[in-house]
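What follows is a pair of complexes built around chain A, which joins chain B in one and chain C in the other.
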Partner chain A sequence: MDFNEAREFLKKRLLKDKTTLYGFEEEKEQIKNLFVRTAKHSESNSAILIGPKKSGKSTLLNSVLFDLVQDNVFVSNTLVIYLNGLIHIDDRLALKSTTVQMNLEKEVEGKTFSSFSENLSFLLSCLKAGKDLQRLIFIIDEIDLFCTHHNQTLLYNLFDVAQSAQTPICVLGITSRLDVIELLEKRVKSRFSHRQIFMLPDSENLQGFANIFRSLLLLPSTKESNIISQKFVNIPQKVYKQYKIPFLRKHFDPKEFSFSKKYINEWNKMIEQLTSKKKVLNVLEILYSTNASLGPLKRFLYEILSTDEAKINENDISKTVEHLYFEDDKVKLINGLSVLEICLLISIKHHSEIYDNDPFNFEIILTRYNKFSFKSSTMQSIDREVVLKAFENLKYQEFIAAIGHESKMQKEYQMHKLLILPDHIERALQKYHNLPTEIDHWSKSCII
Partner chain B sequence: MNKIEKVVRKLINFYGKDEAFPECSYLYGQKSVGKSLCIEKFLKEAKDYLQTVIIYADEIYTKNILFEIIINKFNEHVLCEENSYESYAKIDCMEDFLNELSALSSDKSYLIIIEKAEKMRDMDLNILQIFMKLQEFTGLNISCLFVSHLAFEKFGVEDMLKIYVPDYNKNDITEIFMTKYEDIHERIRVKIEDSNINDNMTQLEAFESMNEEFFKNYLNLFLNVFYKACRDLKELTFLLEKCYSSYYSPVLSGEIKANDVTNLWRHVSKHLKTSLNTIYMRVENDATNEFKNNENAEDGFEIEKKQSSIKSFAQTLELPFYAKYLLIASFLASHNDAKSDKKLFMKNHGKERRRRQQTKLSDKMNVQFGPKSFSIDRLLAIFYAILDEKVGLTCNLLSQISTLVDLNFLTYVSGENNIMEGTARLQSTIGLDFAINIGKLVGFNVKQYLVDFH
Partner chain C sequence: MSRRAKENTLKRTNSSETLKVVFKRVDEDKLDPKSPGKWSVRLNKINEDDTKLLNSIENIQTSDINQETPKKRSESTYTPRRSRILNKIDEEQNSEVSPSKRTRRTSILVIENNADPCTPTIKGIPARRKSILKTPTVQKTNTPRRSIQFRENVEECGYVKKSAKDKLAIDDEEDTSDIALTRKRLHVAAVPNSLPCREKEYMEIYSFLEASLTDKIGGCIYVSGVPGTGKTATTTAVIRALKAESEKGRINKFDFVEINGMRTTEPRKAYVEIHRQLTGKTVTAEQAYNLLDKRFSTQTNRRGNNLTILLVDELDILCNKRQDVVYNLLNWPNMSSSHLIVVTIANTMDLPERILMGKVTSRLGLTRLTFQPYSHKQLQEIVLSRLSGLDCFNNDAIQLVARKVAALSGDARRALDICRRSSEIAETEAKEENKKAMVSMLHVQKALNEMISCTKVKAVKACSKFEKYFLQAVCMEVERTGIEEVTFYGVYRQMKTVTALHGFPLPTTEKALGISTRLGASRLIISEHARKDVHQKILLNISADDFYYATQVNTEE
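And now, the complex of A and B:
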């Protein structure tokens, strides 16, 4: 039973612990500095944090904020506003959300503004009039999406305020696009401080990767759990209400679980042993060379931990990696096709080989298929209509797709292209159950 | 059945009680392999601790519906007369939706199941992206399970946990169909007992001899014919019951003994083959009915004649003689180059230069690339060339063209309103087989006049 609990604990920590950062100390310090300078010394700043997807950008930000909100002064004089390009799909929505987050809905009510900047400066002046909360931190997630908005008004205005030092404001953009600076309009670009912080996963430190892998599996000692829990106690209640970033909501608290000291030792010993095994190291190397980011590693661990087995063993780990990295969805799906559909795929494959990936239509494929089926003993007596249905099923599965949009054309003549590689077909055929031998021969050579 | 249980097990591993859910996961497999069945079974086990909503993405024509269904379900708000069918909250944009979600109790676990998830790709760009990370935005223990028949990469989004539902093999399908045995036989019994035929008793006696083995033999024959062309369980189930009656009817009438498999096969094979050619079409054809009513085995020949659909359609098509020729002319005009008209249709088309027999570089044919358009002038010229008789260009003849258009054998490509000017261009919509059959009716060899076959 203890194992199940440990499993539950680790799974929960993998998903809900959004503040523990592995590595990237320097970047964290940089961002923390920016925020502190705004909060303490009323400086204005702008920066963009760039890193590949699932590399831990949000975690980095969360860990910075988590550290900062421990401080009562920071909480009382700084407001963190969170905007996301996926949610705020235009500047109007973004401004509305900003108003709500600044708690200024009442002040704005009934007023009309002629322009965006007027509205924004009104909000800022309201803020100034207030006693506390005079400093603003704007966190703009998926900032590349804001670049597509009309005139990039929001970005322009925010950067403008940051540059002209009217109100102490810090604008931090987050994105996974390396070319985000190129997306900014000239007048926006010139107002941006050009401070870019890159979060690139280290691609030459397999040992470090293995260490992270291990520490994600280790159970913390009672003392360590206490330290983390204490941090939550320190956070002022106000934060929970004020902050739009939900990382604090239902945050992982290690104290929900309690393990005996003996068990912790036992478990950690087991993990140490496991992670030093050759098989496991091989698996880690595969993971690492595919993607050095933390996201895939966490997902992989989650999959290992979601099991009925009573133990984690190295065979399961290598089996999972095989299942994740060496199996192809499409090959599996092709294996579920009927023999007739397989025959059509083979015809298409032959056609693409002979005509160098020329597009094809149903008639062409049918002719090629019929050449085979007339001589075959298994595939006789299937009508044209049924073959057409099989052809349409391939389209439904998106193995082939129509090109162009000639709606007036009859569907038999509509040109299609192949969306899978001939290699996929070959690999699927090797695994296909009870494939008639003659079809197997035909698949290898188009001469009948 | 084991396969299904494995998938359910996996689902429970991911979405277990008191456990942290993954942000999202993807359940995929060929169509009709039991994806929804897996979910149903899983939900039965998980109903105590899980709040679920099932969305059918193809019903979502605007995003508000999507949002409102989810919010209503999670707040246990049922649309009824008391609330005048208004939903729990009015939700206009993504932010409202996320706010409503965040307002839910964080003690419970939530799961959104999206069937036909491939349709999510057609919705606003941000919807799929946000549904993939609802946990990040709401802080709840919430997850999204996408269900689809496509390979995951078709979605073009970041990787997520994937669960594959394997397809049925022949044995699985046999096993599934065997569970239907009692059901089907009970129905047959009732039918016999209800019928007012005098030899009710002999029929019942014969019915008794149709045991499980008998049904299994039928399944075997049935799958031998159908399995190679179709693996869709739904379609197979439909066909299975449709064809069964013609398998057992000679047994009931006492013609063939229930254990005489060879004769039974001989009797039913023709019927199975004709049904094979109407797969997916759901045509309740006369032939099937005739088969049921008339147990005379000789009729098999008649049926097959009727069944080869193109042929029969061409033969029963009541068109005037000239219209048939016009139809052929239109087919020829659509599938030949105008360049080759001279060679094909003129008796003295000049000296044919003895070119070296050109080796055909490709086996591509005009017929395969679909019809090309032609003008009415060309149509008439070909019409006169292939027709031996002399016939005047009367309005009766011209009206045949519009008849053919009405019947959808011809369509206008352009200039629909300029028929009299001669700029209108038409296209033939019939296929080669059909044209050949029409040709046979009027004694005309169509292939001879096609460039492809020269």
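And now, the complex of A and C:
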């Protein structure tokens, strides 16, 4: 069925397409210029790309590299080396990975190096491809983690090579911390060229956001998909073998799907209609106000597309937003508790109200609960061990958490604190099925 | 021959007036070190003040106008620094090299002012080139690390030529426009032969090293200064000059060893590196230490072992808790027959007193040289000297950069990077508008904004609505409690009021925790792990005024 295929196409594209960039044209040009100047004019450079999480930094890089690997000259005399602060947690590991990416394992096999910089300069000197010096582009993801390594040797050596014209290299760091420069040691800071490229999302442009929403849902015409897949064909084999850039491992090829022209037009018309509806714009505003980046938007779209129906309508969209953004998980969890546990939660809530968020232990709560249960007519008396078990259940579900070290005290006397807001308990009780009215009345006032 | 001796010969030959001989290389475009080259020579009168110039005119063995060989030196000058024993040695040396005994004529003098640019010959023997060492503009040798791989049109200015094997065969796009050339020359790596504004420091290091080499005694000098003030560049320039001199036989031969604290993994590996540079063999740290100890501390027959100049860059990294490496490195020059001269470079002026132990500090000695950060005039001069011959840069723009950087740090690298960035901006602009590129104040302003910027305000402006409300709630909670550290619970309570004021529904605690994590990752606030849930502690990392300014400007626009 056509709409199933359309859905699959769109979902796959949302997940796998790492090379299409929306917006940020100027930043893309800047980075492209840096790389081109290293590759063609052998000029050494260093820069750091800074932007909040999920704003599209890796996508920007992937799209720049995607454009550049189409060019044979670039591929033949440049080598891209990819390091990640979360993977290479030590400078030694980073250097090992660099050796592997340069394909110089055999040359390094028997040798021992007395220092990091000797190893690095050996690798750089080995890289003469024929009679030329090969240019290197170092892409360092999560560069703020490299700043925590001992002496920051990797950063020092890379920036030093960039500033002393040994081999033309370009060092590009990516991070989400705005103050990453303050993390650098003063010598490393002096060698870094202070070139910072910011990827700050535009938070005042709702219309632009709506346009991106629309373009993520439109199906491309056959001509457009031909252009994109041709680009993938153009990438030389060498790139797949040598470069460890993430986007090469999973990429989206539109050629795997084919649609009839009629269906493409039909679908696109529906999407256009959808985006003009007011409800949808409201929904987009909610998304945009929470997070102006594209990551959450893509997740939201994925959720919308995960239905069986042939068309997307705006009610579905509003429902999804409700479900994702306005329903509180804690409230739902509380609704699943037994009545005894609810009673314990209510006593904890009363205790927090009276004693202003002081920590509590099992005995205090038990006393308060007993006061209520002796007075109430419907409650039967429950053994102390059962109540303790209910209390522990609350702890396992992380409604309360222990303060301090657990093993030093008897568990009844261990102090705990509440991890949910009293508001959650109130809201949950409103929806609770078959709650005995006495407990309901008790929950409303803490004086009883 | 010692300097004083030469000075005396110079003085004696011309009774009426002292003459100044100035050699200047004319054909700067063919920088082949082996060719004799074309020289123009002038003679001028000198004053007594020009002793420095005289000192630097090394081996000009001047003769009379009639070109007689100078007489043997009969009297000995007494230099206050040297001992009498050394004086005697000097005399013997001088007697050995008196010109009358020499087979080859080594001196030339051309007497006319602005003579024809050709090497003067005496009696048909081609004379050797002489050089003036005050500003070593004629040195064309490459130091191993700092070779520059720029194309020919950069060499017009007399920069160091790249060695043939480093030449890039891939022909870069022909981009010889002025602005491209400006950009290339402003690269930090394009170190010129003579560093402007560092002549005094150059001369101090030069005289210290030269004296130690001539006297054949070891010594130690400590160079300090904030990063980017030209310490390593000046020292390597001095070493280059000394190497050239020693190759011509005017100074004793020496070995040059360079280590860098940041490049060694641990301090003991420094021995391995030094040994490798001296002998070419790699051994373990223990072995290297023993061999070096034997070499530098025992009084064995040196057997023609040369003097060694050891350059220790980034000395503070080598100072660990035990300080045994730095102790040994500074102990060896102080021994009687070590022939080791150590030049140490670090950042802080008081490193010896603060970090080093007393015994190490005393071995370091009191020969200290501090490189002051550049003033704005000096930075201007540095940039202008690199751009000599090109007129793409507005002079006011250079002054703006110089003043800004001088106020911040006085770091030359910073100034050059900013100028380079502004020339890039001008270049892209000129390409779009298709006219000749001139770097003006606007471009420099743009580059300054990029590189010395207050990014926090921009980042706050780029936050989404709820993120701004969250920050506002944090500010309000800080005001309410009066303590900088607030809990998420309090912030969430404030958020209720803030969102109600603006007519938006309150986000759930999960979404609010997500917002707080995102802001923490960008370091607009500092927050604990979200695992702490409601009791997460939050610190505001920007000032409340910055935040209010950022949000206010938004509403005004």
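Everything that follows uses one rule, which is that the second predicted complex is superposed on the first by the 437 of 448 C-alpha atoms of A that agree within 3 Å, B and C clash if a C-alpha of one lies under 4 Å from a C-alpha of the other, contacts with A are read in each partner's own complex, and residues count from 1 in each chain.
As a working rule, contacts are C-beta pairs under 8 Å (C-beta built on N, C-alpha and C of every residue); 3 or more make two chains touch, one makes a residue touch a chain.
These numbers were taken from a predicted model, which means no experiment stands behind them.
Judged by the touch definition given at the top, the superposed model places A:Met409 against chain B, while chain C stays out of reach. Within the superposed three-chain model, A:Ile87 lies in touch with chain B and out of touch with chain C [touch as defined at top]. Look at A:Gln163: by the touch rule set out above, it reaches chain C but stays clear of chain B. Of the two partner chains, chain B and chain C are each touched by A:Lys53. By the touch criterion defined above, A:Asp329 reaches both chain B and chain C. In the superposition on chain A, contact is made by A:Leu421 with chain C only, not with chain B.
In the superposition on chain A, A:Thr378 contacts chain B only, with no contact to chain C. Applying the stated touch rule to the two superposed structures, the overlap between the chain B and chain C interfaces on chain A comprises residues 53, 328-330, 398. Note for the complex: chain B touches chain A at residues 9-10, 13-14, 18-23, 28-31, 33, 93-95, 98, 102, 106, 124, 126, 129-130, 135-141, 149-154, 158-162, 164, 166-167, 169-170, 227-231, 273, 276-281, 309-310, 362-365, 367-371, 411, 413, 429, 431, 433. Contact residues of chain C toward chain A in the complex are 145-150, 166, 168-170, 172-173, 175, 183-184, 187-190, 226-228, 260, 262-265, 269, 272-273, 276, 282, 314, 317, 347, 411, 413-414, 417-418, 421, 424, 428, 450-453, 455-456, 458-459, 461-467, 489, 492, 504-505, 507-511, 515, 518, 521-524, 533-535, 541, 554.
Residues of chain A that touch chain B in their complex: 8, 11-12, 14-16, 53-54, 58, 84, 86-89, 93, 97, 246-250, 295-296, 299, 302-303, 306-308, 328-330, 332-333, 335-340, 355, 361, 363-364, 367, 378-379, 381-386, 389-390, 396-398, 408-410, 412-413, 433-434. By the touch rule above, chain A contacts chain C in their complex via residues 33, 40-44, 50, 52-53, 73, 77, 112, 114-118, 130-133, 151, 153, 156-157, 163-166, 168, 176-179, 186-187, 189-191, 193-196, 198, 200-204, 288-292, 325-330, 357, 398, 401, 417-421, 424.
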